[in-house]
Amino acid sequence: MAKELKNYINGKWVVAENSGYLDVENPSTGETLGKVPLSTEAEAGRAVAAAKAAFKGWRDTPVAERAEYMYKMLAIMKENEEELSRTLTSEMGKSIPDARAEMKRTFQNIEAACSAPMLQQGYKMLGCARNIDGEVINLPIGVFVAISPFNFPAMTPFWFIPFAIVTGNTFILKPSELVPMTADLSAHLIEKIGLPAGVFNLVHGDKVAGNSFIENPDVAGVSFVGKSATCVEIAAKCAAHKKRYQAMGSAKNHLVVMPDYVQMDELIRNMSTSCFGCAGQRCMASSAIVAVGDEMYEKVSTRFVEDAKNFITANPLDPKYANEPLLTGPVITAQAKDFIHKMIETGVKEGATLALDGRGIEVPGCEKGHFIGPTVFTDVKPGMEIHKTEIFGPVVVILKVDTLDEAIKIINEHQYSNACSIYTQNGYYARKFKLEVEPGMVGINVGIPAPVPFLPFGGSKYSMICDIKMQGQEAFRFYTHDRVVIERYWTED
Amino acid sequence: MAKELKNYINGKWVVAENSGYLDVENPSTGETLGKVPLSTEAEAGRAVAAAKAAFKGWRDTPVAERAEYMYKMLAIMKENEEELSRTLTSEMGKSIPDARAEMKRTFQNIEAACSAPMLQQGYKMLGCARNIDGEVINLPIGVFVAISPFNFPAMTPFWFIPFAIVTGNTFILKPSELVPMTADLSAHLIEKIGLPAGVFNLVHGDKVAGNSFIENPDVAGVSFVGKSATCVEIAAKCAAHKKRYQAMGSAKNHLVVMPDYVQMDELIRNMSTSCFGCAGQRCMASSAIVAVGDEMYEKVSTRFVEDAKNFITANPLDPKYANEPLLTGPVITAQAKDFIHKMIETGVKEGATLALDGRGIEVPGCEKGHFIGPTVFTDVKPGMEIHKTEIFGPVVVILKVDTLDEAIKIINEHQYSNACSIYTQNGYYARKFKLEVEPGMVGINVGIPAPVPFLPFGGSKYSMICDIKMQGQEAFRFYTHDRVVIERYWTED
Amino acid sequence: MAKELKNYINGKWVVAENSGYLDVENPSTGETLGKVPLSTEAEAGRAVAAAKAAFKGWRDTPVAERAEYMYKMLAIMKENEEELSRTLTSEMGKSIPDARAEMKRTFQNIEAACSAPMLQQGYKMLGCARNIDGEVINLPIGVFVAISPFNFPAMTPFWFIPFAIVTGNTFILKPSELVPMTADLSAHLIEKIGLPAGVFNLVHGDKVAGNSFIENPDVAGVSFVGKSATCVEIAAKCAAHKKRYQAMGSAKNHLVVMPDYVQMDELIRNMSTSCFGCAGQRCMASSAIVAVGDEMYEKVSTRFVEDAKNFITANPLDPKYANEPLLTGPVITAQAKDFIHKMIETGVKEGATLALDGRGIEVPGCEKGHFIGPTVFTDVKPGMEIHKTEIFGPVVVILKVDTLDEAIKIINEHQYSNACSIYTQNGYYARKFKLEVEPGMVGINVGIPAPVPFLPFGGSKYSMICDIKMQGQEAFRFYTHDRVVIERYWTED
Amino acid sequence: MAKELKNYINGKWVVAENSGYLDVENPSTGETLGKVPLSTEAEAGRAVAAAKAAFKGWRDTPVAERAEYMYKMLAIMKENEEELSRTLTSEMGKSIPDARAEMKRTFQNIEAACSAPMLQQGYKMLGCARNIDGEVINLPIGVFVAISPFNFPAMTPFWFIPFAIVTGNTFILKPSELVPMTADLSAHLIEKIGLPAGVFNLVHGDKVAGNSFIENPDVAGVSFVGKSATCVEIAAKCAAHKKRYQAMGSAKNHLVVMPDYVQMDELIRNMSTSCFGCAGQRCMASSAIVAVGDEMYEKVSTRFVEDAKNFITANPLDPKYANEPLLTGPVITAQAKDFIHKMIETGVKEGATLALDGRGIEVPGCEKGHFIGPTVFTDVKPGMEIHKTEIFGPVVVILKVDTLDEAIKIINEHQYSNACSIYTQNGYYARKFKLEVEPGMVGINVGIPAPVPFLPFGGSKYSMICDIKMQGQEAFRFYTHDRVVIERYWTED
């Protein structure tokens, strides 16, 4: 029988007070991997209470000592890379090479947090006025919560865990109920590094637990990654509850190809792995290609469709494909598959040309899997639903424009504003593009312009409903308050 | 007849489309200083449209050129310091020395913005991966609005104007309808520096205009200073409208006196000017004194009440008092005076000792003025309304505790968390205090721990409903987006 | 009779104790503009004593007050821009448009120093160990001296004056004895801003005064700009005398033209103004063009020589040429002219082709002027003297290579390593170039890659014999010591 | 027979070309621990050539990959902590607890270097002028050498190794010939982390090798820790050879005790461990106590001498004392012992009172050891040789002054200016002290104000003959050159 996952609260594994268990499904096979409890508000409250109780002692631990735990966390996660990779693949469906790439980013987030003794430093102004000095001290704030999404089961929790903890806060993870096994494994590894009880906690559940954190006055801040509409709701609720928040939302990432580009092999492969890797379920996946000029449009359309056919739609745990980079696994759920099918039908109805249809693919032995193969629409116009909507599947739309200005306009007028890239060898185009587009992450000849964890990560406008990005210096800012101290001593008495 | 103020939109002074005019009152004399229009939503929208149209050109102006305008702004504001001081005093009621101090901070905010060419710089990471570089560029975002309060008619607008503009955004000021004359004068001075039309705009009005800015999709961000409850509302609304925001709220700033302190003359005067200057209407004013130990409580209570009697309650424009630092002017409105009277009555009912009663003071020739003299309650307990409420008048409560820990507890359990100070010569107490209290601004032997504009300004918890503070480096952060660019060139083709 | 210049020591203009006076010559006309005293060691010592005495009071003046003087300095310098421009042109010989460009950079250096309250801030680490905090405070050090060169009579002193002073040090300028009139005028303007006596001092003289500063134990640091060989001497002497130093030396700045470049008009003009402006006497002037490929070499050689003929060799104060950008004025002295002539002869002897010969130009009415017109050598090889030597005149050598790698090799093997530029539209070439060349300043499509004062300025290797550059953040570093303070309080006693 | 140490060059252990071998002596027992080769100039040159050849490949390795090696270095050093501790103790003589403390600092230096991906980032200025951007990129420079001293055999090499390497430079260590065993062990551990050949090299030797590095044109920079007079020589030589350098020199660290101080137990023990730990051979050891006021002077003198008697003078490897913190081991050589004896005699002749005489102590079984017990002089005056000289042994001088100003004067007039501390509970004294003393490291109630590796480390004036300190951000600055790039693209062609 499938294992019932527990919560990790105050240094102990506990059976969750819950409103039921959900089956955790392998999206390739339909097999049940485990059972995840839907924790109640009371259960969530216990985690908050534990984290709150642990705060003062942890805050007062010197930052270099707190960082020691991060070195241990890094070591134990690295030692278990393969098991983590297989676990996340089994419940999420991405390829093993993708899972390993995810683990690398996970490690680098912990590494960035290891820099805390160098980065969690305030500043000091002598002589604000005669005999008066000022200083800014970066202090931890209290209990933080992250509500993480399904598409990077290992990495997204670690956008938060190491930074929150190393800065002196205490922390609760509520992972996506669709991929709780990786979080469970990660928490078991974290358990071994010996953090004081209550510093790190894991609470499984759905929106009930999630919302209860947002409404709990003892929670100082919440991070969320998900749909833009939910981001806005959560942001407004956090503001109303006087909390810090980060809310990273939906995306429609455009790739612009300039007519000067000649490295066609690199170009096409760079684009196709961005579009079809992870079955298009990366928030940094590209899903719209904008070719500038008739000639480039023809060339890109033709070759992109050809290259898409090189992708294998298969169970990523099939030993045959253990090192296969061109693998498109299943999408996360049957509902997701239905939605994508519906969007493909919409595209056809809207008059786009379905140049490659990924529906109806059968993966032998995986009849219950949620597979869709690479799908490409050409002749797409900016007004169409398939261009406006985040499909979150291996579905790509290709648009044609005449000029770079038009391409930029399409990007800036799109409701989502996460990332975009240009392919060009020309320095003028590259500079114009990076300055004039509005998304928060911009690539030049890079299909997935996801910043390494030593740089900030985040979109703009409707794709990021908050002010402070994730990763890098920004993560340190989110998790600390800049207290200003003004000091004077008149005389020696 | 009193002058009807105009709006300044797109480089022109225009008669506001309005729903009526309010009289601007001199709170010392009741005289009408001018008439302020209550701009309509359509009028506000025109300002937004103008600012939006001006954005691209202004954004593309090199930062050093934008900074040149700040040097001019600084020069023209300094040249008109006396007129600005008198204007703000006439409509707000603070003393002329206080007004000059306010002007000094105003100038320093502009100076901090002059640093833009040095501070609006992003960063650069070579080798994110082999042959891939990353950079973070700090870009302006669009149209920003500030909704400023009545208590610092000159300075609070300049917490925003210079930083918003120098970073390349365009800007709209909606000043408090109680003190629009200073904003009008400031805008006339700004007009002379020759900014491109639409970069700076002034729209008079009340909540109608304020809210319309928050709801306008072309506004990128809003700054607000006012009551905490309004801050929460505005923050939630801004989040729901996908905007950046800053919202600085209410305060109850505590001064803790440790038993070791012996410089009693400096102590008492430092506290009384903090409490009674500006009639207690500074957000950084102290209004609660916490004495540690019986002996210090007795000494502080007695001497503080004595010193309070040295304050003159008078019309600040009375030439006799042009350089009088110990002047308590009127509170801003008749309603404010009523509220304060009611709070004094509440204090008496709650059982606090009214050691000095500032009610009933008559200022000859100023019968219509809203005067209240210094008022002191002793024997105050943490549960009382007069301790929980932000009275925003010259009313001080004095509490006694036995230990520093108790004093810190009172501060941290108070709903507001703006600023606080300790008086001690002892390094241990000073360090413990600054690390353990929760307000965002902390003083050591400083009655008003207001950071100079080269450092951040802002409270915490219910006193600051946002993540990014004002002034200093933080102001540059609020007004820019950190876009990340990831760049690669494969080959020379 | 020509005016005898005075020294400015301790707030007073004094007749220098001197070993004689030198005539200051207008290099266009030979006319004597003034007489500059060669101050003795004793005189220099008096300036040091005055600066030392002023140090403590100035150091303890709050940084924002010190910055107020910079705002005044900026204003008074701007008001006198035209007189400064004409003065520097009269003694140095550059064109009036060049002089104005120099003034702009001068102003921006003062502006960068105005940022001191934001930039002269240290940092703070809480919890170095349990209950132990650390802080780094940026303190001024004492008396600084700058020994400035002739080619930027206004700007180079201001690479040092504002930064040294605003950070709280006291300062002595020893300007080049060839161009003391601009320094005299600048000092008279600085006098008017009312700095405390001894904070800024001016001492005229030659190497005698210069060396005496280096050997004076009360001087904390010395900045020097001049020939590389002198830099090395001065650096070693400063090290031996336990002083900070900056020493910026000689240059041979290369411009590389890639075959892909098509904007030939902009290219040629950009190169020619870099090479012939200021008669080639800028340390950032380009004097070596490296064309990649036969075709580009032919095109560049031909068109560059053509464009060189558009330059007018004339007296820059001739009213006809007040706004003439294509003007080549005189070189600084008769000796300089002789040296350049000798180098031209050398080039001919070495076998280079003298494609344009600027010798023998006569400027009517300026028979005593030191004029040389634009001079171009083609067919130049890396081994030649005219390529190895810094000629510091309007003499350009053009080399041909086959690949970018060859061009980079020529640059990196040259003894000087100040600046270089590439002309290309290709992002790959641009990145390769900026990463692989060794000079400290690199341009991409920029003939004079001189950083604005908000960025650091300085070469590398034999062109900069020190660790800390000038301008921007680096200037703040040079003029402050980072003291570390480690603090603990055990108990409340 | 004692092992002959080898050099580690280009990834291989090689028998050094040498001018002879020196015996490495255990200073407690006189036993020979090994034989260290005195490498020739030719041998040193081979290491430089190897390091130079390795530079390009290492420089182009992404910083996060370079940092991976630092994580491995940290892990392997931690795993071998005990062996490293015993090795360093056996050749240097400090106590095992001291050796472990040294190892902790060693690890933290590696940790600080692990932060490279976050810290080795340049900056970026958009719009230096219209359409022109600037960026500052922090590039490695080439081959660096460190010449490390005997007193911290493990830590001082790691002030340099990890920072030099992680930033992309290649590196050569020349350890003190007195303590080469720890360096040998460290290099064997570093070997295991698999750095590319030539990135890290170890060359044993004396001044011959040291000087040859300074004179080698392929060495970009040299770090040295030793006597101030040698620092000045090395600095001048490096300047003359156009090299970067760091040179940290001698010290006489003062501890000032204010009359208000009452925690006498902590005070006395804090001072005595600072003075007698490591037999007074730490550069951060205190060796001069300045008591303010007669009463405090009496109290401190008496109690300090009493506490000194609690120290055990013994062989630190004696198992009895494995965890003994109050142990004074031998001084490093017979010559050092002779010098210290001579200084004690000098003190007696000068008229100071020899309150405790550490001469003549016998450690059973260690007759060949260089032991001197805690030695205290009272009635010392600032003019005396024992106050002016760095004795580098367990010899303390106690001085009396009447005021804090006098104490500060003594510190600031001393030739050395490394570190100093004050003991006071009074915030006014603490601030006055930290601002007015001149040494580079200042403690408040801290006997050894040695900054953690996340902060800079370095004295001032004659104690630090360079501009850039070690550790923290400064280490990153020393090992990188800030290249400025100015970029423009005119048009799309």
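We call the chains A, B, C and D, going by the order they appear; numbering starts again at 1 in every chain.
We take it that a residue touches a chain if its C-beta (ideal position, glycine included) is under 8 Å from a C-beta of that chain, and two chains touch if they have at least 3 such contacts.
All values derive from a computational prediction rather than experimental measurement.
In summary, the interface at B-C recurs among the listed pairs A-B, C-D or A-D; the equivalent pair, sharing over half of its contacts by residue number, is A-D. Distance from the subunit A centre to the subunit D centre is 44 Å, each centre being the mean of its Cα atoms. Subunit C and subunit D have centres, each the mean of its CA atoms, that are 38 Å apart.
Each chain gets a centre from the mean of its Cα atoms; for subunit B and subunit D, those two points are 49 Å apart.
For subunit C, residues touching at least two other chains, in rising order: 64, 117, 121, 125-126, 128-129, 136-137, 139, 425-428, 430, 435, 444-445, 452, 454, 487, 489-491, 493.
Taken pairwise by the contact criterion, the protein chains are fully connected, each one touching every other. Within the complex formed with subunit B, the subunit C residues making contact are 64, 67, 71, 74-75, 108, 111-112, 114-115, 117-119, 121, 126, 133, 404, 426-429, 431-432, 435, 452, 454, 472-473, 487, 489-493.
Those residues of subunit D that touch subunit B in the shared complex are 60-64, 117, 120-130, 135-139, 424-428, 430, 444-445. By the touch criterion stated above, subunit C contacts subunit D in their complex at residues 125, 128-129, 132, 134, 136-137, 139, 232, 235-240, 242, 244, 262-263, 266, 425, 430, 434-435, 439-446, 449-452, 454-458, 460-462, 465-469, 474, 477-478, 481-491, 493.
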